Amino acid sequence: MGLRFLTSGESHGQTLISILEGLPANLDIDIDFINNELRRRQGGYGRGGRMKIEQDTANILSGVRFGKTIGSPIAIEIKNKDWENWQNKMAPFGEKPEDFKDFTKPRPGHADLVGGIKYNQKDLRNILERSSARETASRVAVGAFCKLLLKALNIHIYSYVVSVGEISTSIIHEDPILNAEQAEKSVIRFVDPSKDNELMEYIDKAKESGESLGGIFEVVAINVPPGIGSYIQWDKRIDGDIAKAIMSIQAIKGVEIGLGFESAKRIGSKVMDEIGYDNGYFRYSNNLGGTEGGMTNGMPIVVRAAMKPIPTLMNPLRSVDIISKDPLKAGKERSDVTAIAAASIVGEAMLAFVIAYHILEKFSADNMEELIIRYNEYINYVRSF
Amino acid sequence: MGLRFLTSGESHGQTLISILEGLPANLDIDIDFINNELRRRQGGYGRGGRMKIEQDTANILSGVRFGKTIGSPIAIEIKNKDWENWQNKMAPFGEKPEDFKDFTKPRPGHADLVGGIKYNQKDLRNILERSSARETASRVAVGAFCKLLLKALNIHIYSYVVSVGEISTSIIHEDPILNAEQAEKSVIRFVDPSKDNELMEYIDKAKESGESLGGIFEVVAINVPPGIGSYIQWDKRIDGDIAKAIMSIQAIKGVEIGLGFESAKRIGSKVMDEIGYDNGYFRYSNNLGGTEGGMTNGMPIVVRAAMKPIPTLMNPLRSVDIISKDPLKAGKERSDVTAIAAASIVGEAMLAFVIAYHILEKFSADNMEELIIRYNEYINYVRSF
Amino acid sequence: MGLRFLTSGESHGQTLISILEGLPANLDIDIDFINNELRRRQGGYGRGGRMKIEQDTANILSGVRFGKTIGSPIAIEIKNKDWENWQNKMAPFGEKPEDFKDFTKPRPGHADLVGGIKYNQKDLRNILERSSARETASRVAVGAFCKLLLKALNIHIYSYVVSVGEISTSIIHEDPILNAEQAEKSVIRFVDPSKDNELMEYIDKAKESGESLGGIFEVVAINVPPGIGSYIQWDKRIDGDIAKAIMSIQAIKGVEIGLGFESAKRIGSKVMDEIGYDNGYFRYSNNLGGTEGGMTNGMPIVVRAAMKPIPTLMNPLRSVDIISKDPLKAGKERSDVTAIAAASIVGEAMLAFVIAYHILEKFSADNMEELIIRYNEYINYVRSF
Amino acid sequence: MGLRFLTSGESHGQTLISILEGLPANLDIDIDFINNELRRRQGGYGRGGRMKIEQDTANILSGVRFGKTIGSPIAIEIKNKDWENWQNKMAPFGEKPEDFKDFTKPRPGHADLVGGIKYNQKDLRNILERSSARETASRVAVGAFCKLLLKALNIHIYSYVVSVGEISTSIIHEDPILNAEQAEKSVIRFVDPSKDNELMEYIDKAKESGESLGGIFEVVAINVPPGIGSYIQWDKRIDGDIAKAIMSIQAIKGVEIGLGFESAKRIGSKVMDEIGYDNGYFRYSNNLGGTEGGMTNGMPIVVRAAMKPIPTLMNPLRSVDIISKDPLKAGKERSDVTAIAAASIVGEAMLAFVIAYHILEKFSADNMEELIIRYNEYINYVRSF
C-alpha cells in the first residue's frame, strides 16, 4: 500500500491522466525537469510524424503547492495536441462519424486481435488506442517525480542504447554516467555516437523497405543503498519487481540484470562479486548488476532490455479482416521506424519507480525531512556494520 | 485478491510450510503427481549431498478432503529430514549450542552480507537459512497444485535445459513436448541427451576445481487461451507477471519471452507472427512466444531464463569476516555444483502459478464445474469471434 | 487486481481527478445519470455556501467512446468552479501570495493537527484541502459508474437518512425502495418527510448557535446474488470490505450490517434468518442484512452508518496555534451545518463499488456480454442448487 | 506489501497453520505469552464441549531462532487434539467412511447454505469446517506476535465485554486498563464482574431453552502515536482498516470507533476532542476514540463491536434439506451458548494486527533496533511539533 500509480488515456483521446500516490510531502518539484523528461522521450531518430505534432508538457492538477508536494495524490495531465483532429472520432459520447471506418485489420505483434477478442470489440481502434505506446508518456511523467525523490537522496538513473537492430558497438564504458553522456550526444541515444551516421542510414533503409527496428538499452541506477528488497518471499524481491516493471514496457521481450544471460555461461568464480572491506564493504566487480538474494547490494543496478521492432509496418504483414475473415494486409497507423531511444527513457522511469517504491517501503513516505534523517542514519549504519 | 501463496521455512529448519489460497473447490488432487514434482526438483547431475538426505514429500494439512479441494486454503508441509541433525542449532527457543559457531564469512553472490545488514544479524546463518534455494521445494509443491488446475483445462507446462555453462546444443525441436521428453531422458534435463556424457565430464571438472555452473532453461505452456492478462495498465500485463515470477527464482539473472533478445536484432517482418484464419485465427509463427500487448495470444508461451552459477564455491572467493573485518575466504555450506535441472522445474512451477492466477481472474475461482463451463464457452467464443 | 480506483484533488484546487479501472467493456454510460448522482450529493438542507458555487459535472476524459466503456481506465474530472478565486492561493508552482495567511489553528475533529504532524506541514491548509469531504464528489462519480454496471444486472442501491442529531422517526418501511422514494421527497433525504419542518427548524437552531449535526443513514442493495465474498480468509469477506468502505467515508464513526448492535441483545432464534424452499431457497426474515459467513446470502444488503457532526464549528472549540502554541479558538472554513444527506449518497457510491468489485471478481471483468451470460447462468444455477 | 498473514485449517482437520510475514528481525518471542493468549481465547462461561478437548498451544515452525525473529516468515501450528476422532472423516485422501453422513441441513446464520452454493458442495461439512470460528485460534496466535511487537514500543491492547444479550452495566471506567483488569476477574470477561452470577444464570437459562447469545465488547489500544494511517486515499485510512478487521471476525455485525452511533446524536461541540498544549499537544476528551481524518491522533483507540448470537442452536430453526428440499430443522454441531468472551480476545488480535501493520508501514519492518530508533525519534518530533 505504498507508492502506486495508475495511468489512463487513449493515444488520440483528449488527454493522458495519471495519478501518482504515496510520495512524501515537502519534495521540491521542478516542473522543467519533468517537461524535459517528456521531451527526452519524444526524441530519437526514426520516430514518426506524431512526435512532430505533440510537444508533451505536464500539467500538475493536484498534490503540489508552491512547488512542493503536500502528501496528497498527484494528478498529472498531458494533453494530446492531436485531439482537435480526433475529437469526433474519439468522442466519449455521441455517434461515430459516418465516414469514419472501423479498424478491422489487426496488426501482428500488436494487441489488436487479442484485445478485440478479450474486450469483445469489432472496431479494433478501441484496443489500439490504449495499447499504444503513447501511454509511456504518462510513465515518464510519473517516473520524473520518482527521479526527483531519488535525486534528493543522491540516487541517479541513466540509460543508453547499446544496439539498434543488428548494429551494436564495442565501445561501452564501465562508467554508466559516461555512457549516458555519450548517449545524449547521439541522435538515437546510442552509447557510441560515432556510429550515428551508420545508424541513420540503417534506419532510413529500414524505413524505405517499410520495415521497423528494435534494439537493446541499458538502464543504470547508482548510489542505491544495500538492503532494499528482500529474499523472504518470492514477491518481495526487487529483482522480480524490476523485471516486471521493465517487461511491462510496450514491446519489451527480454530483461537482464548484470551479466544476465552471459552469467549462465561463466564458471562461478567469474560471476560472483568478491567482497572487500575498507571503511565499509566494497565489491571487486559488479557482475551481478547490483542485486543479490533479491536485494540491492550497494553496487550500481544494471538492467538490460530487449525491444522488439515496432509492430506497425508500412509494408504490412499478412492478417485477416475480423469481419469478413478475408486474408489481407494488416492495417497501418502512423508509427515510428524505431522507438528504442524512447524506450530507454521509459526504462529509466520504470526503474525509478521501482527503486522509489522500495526506498519508501524501507524508510518513510510521509515527509522528506523524516526520510532524509532516516536515510542518512541508515547509510551510516551500513558503513559501521 | 485472487490466487495467492506464501511460503515459509528455513533450509535446516523443522519443516517447510506453504499456504496456497484461491483454488476452486472440487479440483481432483493427485498426491502422487505432487510428490513426483518434488522428486523432479531433486534430480539433476551435479547436485550436492543434501539431495541424498532429503526425499521430499508433501503432507496436505488442510483444504483437501477425500482427494478434492473444498475451496479452503491449502496448507502444504514438506519436512526437512535433516532436521534431526539441526534441531539444536536451529531451535526456535532455547540457547545456541556453545560449540556451534556463527556464520560470519559472507559468500559473494549470496544474500549473506546484504541480508545481515538489512536484518541486523551477525550470525549470517539467520540469513542464509531462508535465502537458500531450499525454499523452491515449496514453490514446486504450490506449482504442482496449479498444474493440476491447468491440466483440468488441458493446459500443460514443459521445461528443458538448453545450456549448462558453455555447453549448448543445436538440437532444439520446435515441439516443446518433444524437447521435454528428451529432457526427461537426460541426467540433467538437457534437451539433447546425447550430450549427457560431455555434460557429466564438464560438471565433474567444475567440481574438481571447486567451481560451480549455471545455465539456461526454457519453460513452455501450451493450450493457454488468448486474452489472459491485459494491456490496460502496466501492472496487469501477463508478460510482466511472468518476468517477475521467473526472475524471483533464486539465481535467475535474465528472462526472455519468445525470441527475446534475438528479436531486438531482427527487422519487424521477421519478428511479428502473421495472422491467418481457418475456422478460427491462427499464426504462421511464434516468435513472440505467446504474448502480445501484455496478453496471451493463444500460441505456446515460451520463456527462457538464465541462471547464474551457484554462489557457494568449494574453492571460495575473497570475502571479509563481518566481525573482525579481516579479509579471508568466504564460508562454505554443503551445496550443488549446478542446480540448473532443478531450476527448470521451479520455472515450471512459477509459470504454472502465473497462468493459473490469470485464468482464475478471468473465469472463476469458486468451483471446477463453474470454471469448466465458462472456460469452454470462452473457447467457443474465441473460435467464433 | 480487479476493479480499483484512485481519487485526487484538493478542495480548492483546480480540479478533482479520479481514475477507475477494471470495468468491463461495452457498458453503456449515461452521463446524465452520473451528473444526477453528483447533483444528489450536493443537496440537503443545512449545506454551506460552497454548494451554491459548485454545480458538479463530470468530464469523462478516457475509457469511454461513443457512450460505451472500452475496457480502458476511465478518467473522470470534476472541475472546482471556485478555483478562479483560489488559483493564486493553491497554485502548484510560484510563490504564496503575501497577503494569504497560513492556516495554523487546527480544528478538533478534523485531520488538521495530526495531518500537519504526519506530513510536516505548518500551513495546515496543505492538510485540510485534501482531507476535506470535497473528495467525496470523486467517490460519487466513481460510484455512479459502478451503479451503471450493477443496474445492468438488475442490482439497485438505495439510501435514506434515518436520524439527524437527536431526531429520528418510527416510520421506516420494510421496503427499502419505498424508504428511498420518501427520502427523495425530503429536503434532507429523511426517510419520513413529514418531519421536514421539524428538521429544518432543528438545523436552523444548530446553525444559529454555531453548532453542527451528524446523523445516521441506511444504504441498501437489492438483488445481489448469494455467494459474493468468502469466509475462507479474513480479508476476503464482503462484510469486512463493506465496513471498510463505509467507515472510510469522512466523519463516519460506526457501521452496522442488518440488525447490527441490536442483534447482540437478542437470543439466537430472534436473529437468524430461517431458510425455506419454494422453487429456490428463501428466507423468512432479513435480520442479518444480507450477509452470512462473509458472503452475500441473496437478501437485501442493509448497512447503517453513523456520521459524527461536521467538525468545523462557527462557534469554534478550544485549540492551539501550532506556531505560537497559544491557546485560542480553532480556525473556520466555510462549511455545512450537517452533511448527512450527502453522506448517504456517498454511502451508496461506496457500497456500489464494493459490490461491483466482488461481482467482477466472481464473474468477469472483460466485457458486458460475457458478464451477463455468466451472471444469468449463475442465477439459474443458484435456483437449481 | 507489508505485514501480512494467511490462516488455514479446518475445525476438525489435522491442524491449523498460519503464516505471518513482515515482522522485523530481533523481536523477542515469548512463547508463554503466545500460549497464554490462546488460553484466554478458550475461556468464558457458556463455551461448549470443544473447549474442554482442545488446549491450544502454538508450535513455531519457522521464522524464530533461539527466541528471536530473524525476519523470515513465521509459520505457526496449532494442532487440533480432536483430530484423532476425525481423521477418517476429514482425511485429505481416501474414501469417505460409509457410516459418516453428509451434513445437508444448513443452519441459518451460518455460512452453510451460501457456502454450499458458492463452492458447489452438497456435503456442507466442507463449508462449515472452514467457516467455523475455530479459525480464530489462528488469528489469536498471529495477534500475539503483533502484540509482542507493540509491547516493545509500549503500545498495549485491552478488551472487555460490555454486554451479553440484554445484560449490560453502568459500571464502565474511563481507564481501559482498569476495565480490562475487572474483565480478567469475570467468568466471561465482563467489565463488571459483580454481575457474574446474574450472567451465569442468564446463560444457563439460554442454554436450557436451546438458545444462544451474543454481546458487545470493547477493545482499546493505548500509547499509539499520532499520524498512523492517512486521509489521502479512501483505502489508506486506519479507521477503515480497523472496521474491516473487526467486522471480519466471525459473527460480528457492527463496529464503532469512539462514541460511534452515539456521536450521530450529539451536537458538534459535544463530540470533537478539543486541543490543548502543555509540552506537547493533548486532548480534553476522547469522544472520537483515537482517530481523526483516518489517522490515529495519539489518544487511546477505542473500538466497540457487536456480536450476534451463535448460529448453531440446540433448539434448531427452520431449514431445508439441500438434497430432498424437505423442510426440517437445521443441523447441529457441538457449539457454544455464547462466545463473546472469546470474541473480545480475537478483537484484541485483529486490532493488534492493524496497528502493527500501520506502525511498520511508517517506521521500518527490517529489524527492531532500526524500528526503535526511528520510533523514539518520531515520538520526540511529535512532542516538538
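Per-chain numbering from 1; labels A, B, C and D assigned in written order.
Just so we're on the same page, a contact is a pair of C-beta atoms (placed from the backbone, for glycine too) under 8 Å apart; a residue touches a chain by one contact, two chains touch by 3 or more.
Just so you know, these numbers come straight off a predicted model, no measurement behind them.
Trainee: Tell me which chain's centre, taken as the mean of its C-alpha atoms, is farthest from chain A.
Mentor: Farthest chain from chain A, going by C-alpha centroids: D.
Trainee: In whole angstrom, what separates the CA-based centres of chain B and chain D?
Mentor: Distance between chain centres, rounded to whole Å: 37 Å.
Trainee: Could you work out how far the Cα centre of chain C sits from that of chain D, in whole Å?
Mentor: 27
Trainee: Taking each chain's centre as its mean C-alpha position, how far apart are chain A and chain D in Å?
Mentor: Centre-to-centre distance between chain A and chain D: 44 Å.
Trainee: Spell out, as numbers or ranges, the residues of chain A touching 2 or more other chains.
Mentor: In chain A, the residues touching two or more other chains are 6-7, 21, 71-73, 115, 118, 127, 130, 227, 230, 232-233, 235, 366, 370, 381.
Trainee: When you draw the chains as points and link the ones that touch, which shape shows up: line, ring, star, complete, or other?
Mentor: Its topology is that of a complete graph.
Trainee: In the complex, go through chain D and note every residue touching chain B.
Mentor: By the definition above, chain D touches chain B via 4, 6-10, 13-19, 21, 24-26, 29, 31, 60-67, 70-75, 77, 90-96, 115, 118-121, 126-127, 129-130, 366-370.
Trainee: Which stretch or stretches of chain A touch chain D in the complex?
Mentor: Contacts found on chain A: 1-2, 21, 71-73, 227, 230, 232-233, 235-236, 361-364, 366, 370, 373-374, 377-378, 381.
Trainee: State the interface residues of chain D toward chain C in the complex, per the touch definition above.
Mentor: These residues of chain D touch chain C: 6-7, 106-118, 127, 130-131, 139, 163, 165-166, 206, 209, 211-216, 226-227, 230-235, 237, 239-250, 252-269, 271-277, 281, 283-284, 288-289, 292-298, 306-311, 313, 315, 317-320, 322, 325, 327, 330, 350, 381-382, 385.
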